[in-house]
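Look for chain A in each of the two complexes below; its partner is chain B in the first and chain C in the second.
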Partner chain A sequence: MIKINQFCFCSISYVVHSCNLKYQNMKNTQNSLPPPSLPEQEGRVVQQSIDQWMSAEGPLLPILHHIQDHLGYIPPASIELIAHQLNLSRAEVHGVVTYYPHFRREKPALRQIVVCQAEACQARGARELTRTIESRTGCRLGQHSPDGQWCLESVYCLGLCASGPAVAINGCLHARVDHDRLNELLSPGDLA
Partner chain B sequence: MDMPFLSPHDTDLGTPEKISDQQVSLHIDGHPVTVPRGTSLMRAAALTGLSIPKLCATDTLEPFGSCRLCLVEIEGRKGFPASCTTPAEEGMVVRTQSTQLAQLRRGVMELYISDHPLDCLTCASNGDCELQDMAGAVGLREVRYPSIEHHHLTAQKDDSNPYFVYDPSKCIVCNRCVRACEEIQGTFALTLSGRGFSSRVSPGESQPFMASECVSCGACVDACPTATLVEKSILEAGQPEYSVVTTCAYCGVGCGFKADMKGTEVVRMTPWKGGKANEGHACVKGRFAWGYATHKDRILTPMIRKHITDPWQVVSWEEAIQYAASEFRRIQGTYGRDAVGGITSSRCTNEETYLAQKMVRAAFGNNNVDTCARVCHSPTGYGLGMTYGTSAGTQTFKSVEHSDVILIIGANPTDAHPVFGSRLKKRLREGARLIIIDPRRIDLVQGPHFKADYLLQLRPGTNVAIINAIAHVIVTEGLVASDFVNTRCDMESFQAWKAFVVQPHNSPEAMEPVTGVPATQVREAARLYATGGNAAIYYGLGVTEHAQGSTMVIGIANLAMVTGNIGKEGVGVNPLRGQNNVQGSCDMGSFPHEYPGYRHVSDDATRHSFESAWGLPLRKEPGLRIPNMFEAALDGSFRGLYCQGEDIVQSDPNTQHVIAALSSLECLVVQDIFLNETAKYAHVFLPGSSFLEKDGTFTNAERRISRVRKVMPPKGGMSDWEVTVALSNALGYPMHYSHPSEIMDEIARLTPTFSGVSYDLLDRLGSVQWPCDDQNPEGTPLMHVGSFVRGLGQFMITQYVPTDEKVTPKFPLLLTTGRILSQYNVGAQTRRTANMAFHSEDRLDIHPHDAEDRGILDGDWVGVSSRSGNTVLRAHVSERMSPGVVYTTFHFPESGSNVITTDNSDWATNCPEYKVTAVQVTRVRQMSDWQKYHQQFDEMQQHLLRPGPEQMTPS
Partner chain C sequence: MSTKVYVPRDSAALAVGADEVAAAIRNEVEKRGLDVQIIRNGSRGMFWLEPLVEVEFQGQRIGYGPVSPKDVRTLLDSGFLKGQSHALRVGEVNDHPFLKQQERLTFSRMGITDPLSLEDYRHHGGFSGLCVALTLPPQQIVQQVLDSGLRGRGGAGFPAGIKWKTVLQATAPQKYIVVNADEGDSGTFADRMVMEGDPYMLLEGMAIAGLAVGATTGYIYVRSEYPHAFHALQEAIVRAENAGFLGDNLLESGKRFRVMVRKAAGSYVCGEETALLESLEGKRGIVRAKPPLPALSGLFGKPTVINNVLTLCAVPFILSHGAAAYAEFGMGRSRGTLPFQLAGNIRQGGLVEKAFGVSIRTLIEQFGAGTASGRPLRAVQVGGPLGAYFPDRLLDTPLDYEAMAARGGVLGHGGIVVFDDTVDMAEQARYALEFCAVESCGKCTPCRIGSTRGEELVRHMQHHPESSHQDEQLLRDLCNTLLNGSLCAMGGMTPYPVLSALDHFPEDFHPSSHAIKAA
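Moving on, here comes the complex of A and B:
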């Protein structure tokens, strides 16, 4: 699929570098921000993220990470706020957010399970593990469970190839996840 | 004489031109090639006539290297580099065709086509599809990959934009549209969403185009190599047969366009790459909003009536012309020679304007001729004429590419001059600094990848105060370009001016209470302008349409001289002119005191040259200006008016005063393509012709004279110039022209600055910037190099005098007016296009504080009253203005924006003070009295237009 990956990198690096360069020149014009339609608490986190990273080189990715680390996702209403303050267009921020599967655009479920689907983990039973998790949680890979408690996502390598199969639950890594270990992990209340 | 028909398909050299002192020589497929260093292999090959297959490359965009179709082999190098991103080097030996290359290209093509519908025969781009061409070029014969569920063949079309369709199923993700939106237009409305196979072009946040920041400039549609982005007009009509190069009839940028034709029907307008004003770019108006030209509201038959309350009577051209001529002669017989006059149009061609003023001076026998520049840039003519010696901007648009500091005063280029706005934004992205002086936060204050360094958000009406404060800082802080001033300027005038500006009352601190702009910001901005390198000033009607409009233009001219920012690339004083040919209409002698080329009517030598050419004695006293005509009409001494292509009722200030004046006329002849507001008060209506229906020339804001070419016969039977000729003949002053080129030849004979201009020259060069004479046979892109046209630059003192239009408890807010991107001027054209989807009514922008004080919510109906009148608009609560300032546009007649504006005007030129009116704003429930009158009168006039049975045939 030659036609795809290359230019995504090009456009992203353009965004990341140029927004930083441009930012150095700006002063003295008071911003009147577009009214953010974010809930107050989310808006505060987004603004904190922007304030913390705005003067860094290539601030967009750290800001997005910071937001997701604190809110679990990138609220769609934050795109305009970020774009405006970084002197980017909404489309540019949207392009970066959608490029990385890591960035969620919807509020995640209470428990987010990420199962490695890469070769080493597959060799250690990741496919079976995935099916088991699907049947235990009622949640198909890439979806939310009907009760909204779970979401199940795939990832290609968590860096635990020597001790697969590996999963991450709410950001916490777990290796050698066999049947018993899975039972422990999925037990109610254990949110690691 | 005319340019031959062109193919609708432009040659595409693949990558943009590179300029270099050094040349490199290489061999491509055995052919020796020499190109400037930095030129891509793809372009070098194209220049020798070899075409390398390509999809993501086009010569309007920087190379991207993603499609992998343009691979080549280079001797001594491994692999297959992309020819678009590989620069030509000395001694290279390049092969563009080989068995291996053919296999690679076919493989790539096969992947593309595996996710592309095979509906070529019924596709809108059939015959104009680069993907189809490339499939043919690489010899694709089969696609081995089956369609799978991830494919996009069933993706939904987005037809939200009124002018083009986005069909993602046909997208090959070449990124050309995204890059065009970024590099050319500078809006950054598009991106690629997702990654890998799922990536797709996404407007905004994967929204419909109309919900994104898209400004509908059409750059993405031009860039698209497939039918993914395609004009709805092409979907409907099919591919064009041929193209004719012409010039846009909207704003003063004067973009070159190709009218893509099928027979005598326009199927598309595409920006012409050879157009030097636009270099292949366009805006929503010129690119798409041309449907008005064939709109059903066009009036195609001459009409006459005795009184404005009578039904219109459809008559033959001959009868209408005879009637108009006999009325003018009757009025002159009764009230005297000076009782009639004419108004020329900034929409018409140079040739037509020249003829209109000639008819007034020769056939009417007076100098009662004026033009709509009276109400826009007359102060520019005065101010730049007095200080520099020419009444026009100093640079080309391209000059902005060399600017380091850009100062924008009272202009909104991204809305009113969008194509120049894009060129300016490109320079800002390259790092130029920006200062804006404007009461509003215009879009150039901040946007993707640019932000103004300083926004001096002054109170309306205090321009001169701020320009004096800037000059004060430059002089008192020792930032004067002494070498330039000493050698290029009149020192006596400089000393007097210097003594004036250093006075403490001109300091930023002293002026702060007047302008409302913090003194520190003024000081910093002044230092940046004076010391930041090449500094260019661009200004618009926010400068001229004031009681001190001419003073401000002079202040700007002083500022450029004192900092040495004149006479080279990247600097200068650049008025952004409003209408397509407002520069030309002024050049052509439309003012009551000036012959073509800005020569006073009292100048004996000039007058004698016209007398001998026109064969009769001419008057040496200046005639009436438009406001004087109105006054004279009301006092009974002015009884007849010939008004060509201008809607004075809607566009001139104090509408009720204008209406009273026109209602008192005995004969108003209106020549227009529509029954405009002025025509509703007319006694003779002569059908005008659109820019598609006549030959001629327009002159843009950079003094560039460009050809307008006839692509269809005049719908009413006569081009505008033919109508003037007929009227003049009927008045007893015969004119003999068989083609507009002969009119231009006469202009060239009689006007030194145009002496070298001819249609042959324009066909050869594409366009030419005046002065064009023996010394400058190919025109003058840059003015005042080495010395000013008047010799030494003249400094003039610019004392700030507050306008009489002051806020009072009764009228506590200041109203300022302007225009927006999708509508144009009085809207007669754009209101009759799908541009209504973008902006369908004039609104009153009001600051949240002022709105809250008055209990006004967004969307409420509000009454706006001034000492002239009142009207009702819907409110738009916005922080673009400071508190105390409200803003509206004047694109819709029913808005009555000019019912509110006053007859205050510039002291030197009578240019109206549209930009400052003291008003009160209140919530209301019904239309204003004027609007009720307007509605009734409009209904009556529409009724009088409908032919009764007895009027169907011309009598």
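Moving on, here comes the complex of A and C:
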């Protein structure tokens, strides 16, 4: 049943989208599905983001960035709200959110470690560094640690390629990360 | 008068503790009641010395580095505010051989000025290119760029003047200048340095491009991995607009040019120009088929100049010093200078701006001082993840678009990544294919599926030496398909690192047979 509804929604919005302005009003009424289930505070942030960027050219990426900067992720329920107000289909917004590695659809762990996996850092021991961090945090690359405290992600270059290996912890950059530096960065209290 | 102390704010300095050093200096001079002004400059591009603290004394800038917060006390004790000796003293920075042997036309202000000070920028020759451009008709600005021989610095090396001419000749109510600041190549950081360390230069280059082709709006597409660059640009735009260098009345000329910064979202292929335009329009970053050329139908279907950061940053010099002064540098059809980036396993990594034609070996040995590990060099990747690996015997190749192409390589964005003899070249080839599989936009089959199959093949070779010769034939066939059947250079050039690794380092792919031969 839900599937059928979604199908109708998609095909309607596809047709409307291609018929352009003339049917704009029709689309808006056809689309009036129950309001997305976003917690109030998140809903407010999403609405603010939309309001701030709505009139800009190509507003979708700035809106998503604004949401993620404030909430740490893109709540899946916000997709509907964005699609509705930008006159896009949900599929289009979903496609964009999932295409770009930067956008998360889940709340991030308390501590996010991003380790550069690209060539210049490989040449300075990034592979070994990654393995060490994995064993120290109990967290595999691309996953959360069992206690949910850490998440470990790969990045392909942070622009610190003359001073590798490079990592970013909660957005803060660190270069020349050798054994001692890593010990400082992962202070004992933080270990899994 | 207070003593000026410079502590860089470049990401590469921040990542090794520049903020902590600046705070420690502030603390300590306050305690001692000294009159010191701390200026956060850009980086000189000598990253092995970062944080490189400089003191202005008797008209000289004396450098100390790499400084950590715990060095601050001894520095002050030994009189570094008067340029006195200390274990970390590197002397007058401008006389450092690493800088002295460079030809910094574009990076002339880098590390010297406070990046966000308009006064500093003007004082060091800033906006003089824009002033010249405001006195010229559009055709003549374009002619200057054509005469300079400037080619795109983003990788493809397409003549900038021809692109601009196409956009100038197009008629449309709206045209755009788009800056490609996606700098995704491993081993490159020159765009980042400009945005963080001399952002007005990029804005000036964009404004000149706008005047040249009749565009009044510009976008800078900055990768999300560069938060400091993003913020520096935002701040620079506000200040430049308030001071009348951008906005509705450029330097009181009645001309308009506005700039917006947009953040990318972690996709490498969005550095490809048409994927970048899709992304700016708010879509998935899927490569467009050409034609139509972006110059005729680019952002939102309007005529668009899309250039790399460094391409646009070469323009203010060309306008203020003349096309001939720029074209004097270089070799063959590669005119001017390129900011090369020394990265990876190198003792003195950093930014070296030199005229085209310098050899890879000169850069690595004379500037880079060899490997950081002290072990023998084994391979050098030039031109980012889609660039070829060079063995030692090819290092005398001059860095010039045509000479590199003749040896199966590319210059790309000027990144040079050094590997020592611990590197496993089969693993590097496997990684190149894996990277392509991760980053492929998925539009065409050879790249989308071929990359995955290729990665599997190399993995098979690594674990089954007995069948590796058969696998190699298959891998070469596959690379051929990628080379000839891909829509863009992502799939089209992934074979470069793979085939160069196979050709120059076969022993890493067929360990047993080489061991037998050697025995």
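By our rule, the second predicted complex is superposed on the first by the 153 of 192 C-alpha atoms of A that agree within 3 Å, B and C clash if a C-alpha of one lies under 4 Å from a C-alpha of the other, contacts with A are read in each partner's own complex, and residues count from 1 in each chain.
Criterion: contacts are C-beta pairs under 8 Å (C-beta built on N, C-alpha and C of every residue); 3 or more make two chains touch, one makes a residue touch a chain.
None of the values given here were measured: they were computed from a predicted structure.
After overlaying the two complexes on the shared chain, residue contacts for A:89 are found with chain B alone; chain C is out of touch. Of the two partner chains, chain C is the only one that A:176 touches; chain B does not reach it.
With both structures placed on the common chain, the touch criterion links A:76 to chain B but leaves chain C unconnected.
Using the contact criterion defined above for the overlaid structures, shared-chain residue A:99 touches chain B and also reaches chain C.
When the two complexes are laid over each other on chain A, chain A has residues 92, 95, 99-101 in contact with both chain B and chain C. The residues of chain A lying in touch with chain B in their complex are 1-8, 10-11, 18-19, 22, 25-29, 31-32, 76, 79, 83-84, 87-92, 94-95, 98-101.
The residues of chain A lying in touch with chain C in their complex are 56-62, 64-65, 92, 95-96, 99-103, 118-124, 155-164, 166, 171, 173-176.
The touching residues of chain B, when paired with chain A in their complex, are 56, 64-68, 108, 111-112, 172-175, 178, 187-197, 199, 202-206, 212-213, 429, 431, 433, 441, 445-455, 521, 524, 879. In the complex of the two chains, the chain C residues touching chain A come out as 11-12, 14-16, 47-48, 50, 183-189, 192, 224-227, 260, 262-268, 279-285, 300, 341-346, 349-350, 372, 381, 385, 415, 417-420, 423, 428, 431, 435, 438-439.
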